[in-house]
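Two complexes, one shared chain (chain A), two partners (chain B, chain C).
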Partner chain A sequence: MLMHHLRVWRQFWLVAFMRQSAFRANFFLSLFEGLAQVVLVVTTFAIIYQYTPDIAGWTQAQVLIVVGLYRIVDGIINAQVAPNMREIDKYVQTGELDLLLLRPVESQFLVSTRLVALPELINIPIGLALLIYAGLQANLAWSISGILLALMLLLCGTLMIYAVWFMMMALALWFTWSPFESMVGNLFSIGRYPVDFFQRQVRALLTFIVPVAFATTFPAEALLGQLDPLIIVIAPIFALVLLLLSQRFWRWGLRSYGSASS
Partner chain B sequence: MPAILVDGLCKTYRSFRKAPGLMGAVRSLIWREHVLREAVRDISFVIEEGEVVGFLGPNGAGKTTTLKMLSGILHPSKGRAEVLGFTPSQRAFAYLRQISMVMGQKSMLWHEIPTYDTLLVHKEIYRLDDGSFRRNLDELVELLAVEDLLRVPVRNLSLGERMKMELLAALLHQPRVLFLDEPTIGLDVVSQARLRGFLRELNRKFGTTIMLTSHYMDDIQALCQRVLLIDHGQLRFDGSLNELVMQSSPYKLLNVTFANTPPSSQALAMLDPRISQRPSDDPLRLNLAVPRELIAETTALLLRMGQVADVGIEDVPIEEVIGALFTGQEQIGVAA
Partner chain C sequence: MMTHVRMFGRMVGLNVTMTIAYRAAFFALMVSSVIQPVVSLLVMLTIESQGADLPFDRSQLVTYYLLLSFVAICTGCWVGEYLAEGIRDGELSNTLVRPVPYIYNFVTNNIGEKIVKLPLLLPILIVIALLFRSELSLPSDPLRWIGFGIAVVFAAATAFLLDFALGSLAFWIKDVSGLFRIKDLLQGLLAGQFVPLALFPPAFAPFLEVQPFRYTLSFPLEVLAGTLDGAALVRGFAWQIGYSVVLWLCYRVIWHYGLKSYEAVGR
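Our next item is the complex of A and B:
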């Protein structure tokens, strides 16, 4: 069952490779955009940190670790999550969902994985380079446990963002469009800053409603050895709960789609 | 066990009516008026494995809705549907692997890449091993004669070629039941005929049960031993095309062309009053709608009325029979 789905997923990536060859320009566009974003944020912080040694307890090098992690997660989300989320309401509007529901594969899996924007993956090496540079500046210890922990948190955070975004898009099953189509994607862009930069209420929003903090701030803290141990327990549980919730929500929506749509 | 069993199937759509304009939009956020539309009302039929059944009806009659319920996309509001022993709406993978549906207006192919690459995705989705993938593909490619199109990006194919590829993708996993919704829509006459030939061959060779809707009577005549007629969500007829014509049109068309002068109207007034005259663009040609039981004597009578150059006796065209049925006309032979 799981293997079956993984094989289908692999095939989607192969298709993405084949489609991509037709649009090589996209690759350079993504490379340029990723680099430009990094340069912009890095210069902004370079200017700000001329006047202050730290913001909310974060030094310049530490903030750049968050920026680097953000680039990595942004690459994953823009490559695999966003292209699919943006199509879900269109599947409902055009009736293409009908054809997808005919396939002997979990429909949530199908609508969440079938499209891959490969050029966006270039953000991962860009983010990694910045992360390593900032880590060296911050005299990071690079402990194996810290790195594994950061990876785990990053994965959980990405899954949480996916689950929330997916539920927002699943609203289209009832209303044929989703009022929150780009909300999650836009809110995620705040993830390039440590959540401590914001007021308490906003911080809570970024941790539990749109769980951006789990994808960038917490992994950075794990690398810096400053992570609240409670987060290590909360992250996987919260990710699992959100995923199960999204599954329930989708099935509920499909029942409504099956009984109301025309 | 029949391939398809439908018992008292109903489907009621619930939609929302919105008053026009901005205020209407605002009001609809708070309170929405429900509108119920009965798309399918109490339909029952049984289809045996290997049958090819035509599903006829005007637009909005409930054909597509019924097919969508049978393929598991829509849930019935009431009644029971069973296909290959499964309840379609549960969408069990074991069920979905054995059926397929082609909708003439929707594409399941990726347009930027060749069909072959889409088929590789289907191979994984339907869990085909290399051997059966190759075998099924070779068979279908030969039947459809599309060997050289397999590696062409779909967007570079003509409409007819694309339809063949849609069928290829839909049949790769060798479904036992195939639902076709307007498969020949928009195709030219030659492509239509080819597609029909292919479907006939598919049914003969693999015993695939086929249920198809079409606006083209030629499709139905060429393929279907049996037709289901649906109108306003209700089943109006279930039987062979011949029975349909016999039952709904008790008339035959008698066309007589006279060599020089047609019979006078007084002479024609002697004919049975149940016989009616249909328009003719040739003054020498007489077109009559004649009750079946009067055909022989009427023909004999007319032959004595003048010098006859040609006689033709035909059934009322099937389009006309069905068109009349849907518009609720009783006397089909009379309508022209």
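Our next item is the complex of A and C:
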């Protein structure tokens, strides 16, 4: 069953590659956009850091590590998650969901993976380059364990973002649209700031409700060797809980789904 | 002339009705629009509470970012890419035969949506104002509010005409989306969306004063905050009105030559 789904997923990537290699200009557009985002954020922080040597204990170089990590996560999300999430309410509105439900694969898996925006992957090397540069600036002591830990947290954080976003969009099963559709992008972009920049309640919100902390702040702390060990245990458990919750939520929603097709 | 005014009014009404149909979605959009200013405010307040020597105090920061959401909605623009698409796919032909200038479609859509958006934004701003009530102190001088109102109107005109002129380049350039991405990036930084322009290094001040993006968002807020002296105020309004006029002339010139080179795609 798992192998079958993995094979289907690989096919989605192959199809995306075949289709999108016809539109090579989009790749340069994504490259430009990714670089522009970096320039914007780096300039903004350069302006702010004129007035202070650190913000909530984060130096400018350390913050740029978070920005680099955010770019990597943003690349993964924009390539694999966002294109699919943006379609979910449309599947409901047009009745296309009926056809998707008939296919011999898990429906949540299908609506979450079938579209891939390959050019967005360019954000991963852009983020990596910024991360390495910022790490050198911050005199980071690179360690294998720190890198592996950061990678694990980044993966858990990305899965959490997917699960929360998916549940927000699954509301369309009841209401045919999701009030969060226009909000998610702005909410998840808070991930480019370390959560320590915010007051306690906001920090809790960004850790457990809109869990961007796991995707960017905690991996940065892992690289810097400042991570609370408790997070290492919490992250995979919380990711699993959110994924299971999203599955429950989707199945519950499907029961109320009335179909709009003619 | 009167016919034009009447049609203009009707078209605004039509757009209001169309927007109201999607009021729930527009309310969600308004909630979304305040996220980024509130996040920026929280970060700036953290920096301020660490004792950083900012040119703004806490109450000015709260006022700035609260009203930023308001001004951003007042001056918001989404015409450029739609316009470019209309020129590209030939939809322009359908509207060219109508008895009102083509630009009316976009102006009335812009005004109509804002008439619906602003009342939806208001309760959200009130909630935010209540959350920060201990640190919020709006200026009481009525003159400043009048100046603010005028500056907002011209800011909306400047932003709209800039967008419209850029979108009109689609007469010659097939794909203007790259152009708009560059514009959005510059606007994000140079209009004061993330960081007030007053926080930029002093060496940039002369440049910041003459670039157009300041006049689409930051300038009204500066007028209200009272950070400008008399001469700077006069200069600011002169630049702002100047940009509106020049951009309007650009629009006229671009359309004069653009329509001549326009070849409709048949429909």
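Note that in this section the second predicted complex is superposed on the first by the 256 of 262 C-alpha atoms of A that agree within 3 Å, B and C clash if a C-alpha of one lies under 4 Å from a C-alpha of the other, contacts with A are read in each partner's own complex, and residues count from 1 in each chain.
Operating definition for what follows: a contact is a pair of C-beta atoms (placed from the backbone, for glycine too) under 8 Å apart; a residue touches a chain by one contact, two chains touch by 3 or more.
Only a predicted model underlies this, so the values are computations on that prediction, with no experimental measurement involved.
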Touched partner set for A:47, first chain B, second chain C, both or neither: second
Partner chain(s) touched by A:4 [first = chain B, second = chain C, both, neither]: first
Partner chain(s) touched by A:99 [first = chain B, second = chain C, both, neither]: first
First (chain B), second (chain C), both or neither touched by A:19: first
First (chain B), second (chain C), both or neither touched by A:229: neither
Touching partner for A:180 - first (chain B), second (chain C), both, neither: second
Chain B versus chain C as contact partner of A:258, first or second or both or neither: first
Chain B versus chain C as contact partner of A:197, first or second or both or neither: second
Of chain A, residues touching chain C in the complex: 29, 32-33, 36, 39-40, 43-44, 47-48, 50-52, 55-56, 177, 179-183, 186-187, 189-190, 193, 197-199, 202
Chain A - residues contacting chain B, complex: 4, 7-8, 10-12, 14-15, 18-19, 22, 94-96, 98-99, 101-105, 255, 258-262
Residues of chain B that touch chain A when the two form their complex: 13-15, 39, 65, 68, 71-75, 77, 89, 91, 93-94, 96-97, 99-101, 103, 106, 108, 110, 112-113, 117-118, 120-121, 123-127
Complex contacts: residues of chain C adjacent to chain A: 24-25, 27-29, 31-32, 35-36, 39, 42-44, 46-47, 50, 52-54, 177-178, 181-182, 185, 188-189, 194-195, 199-201
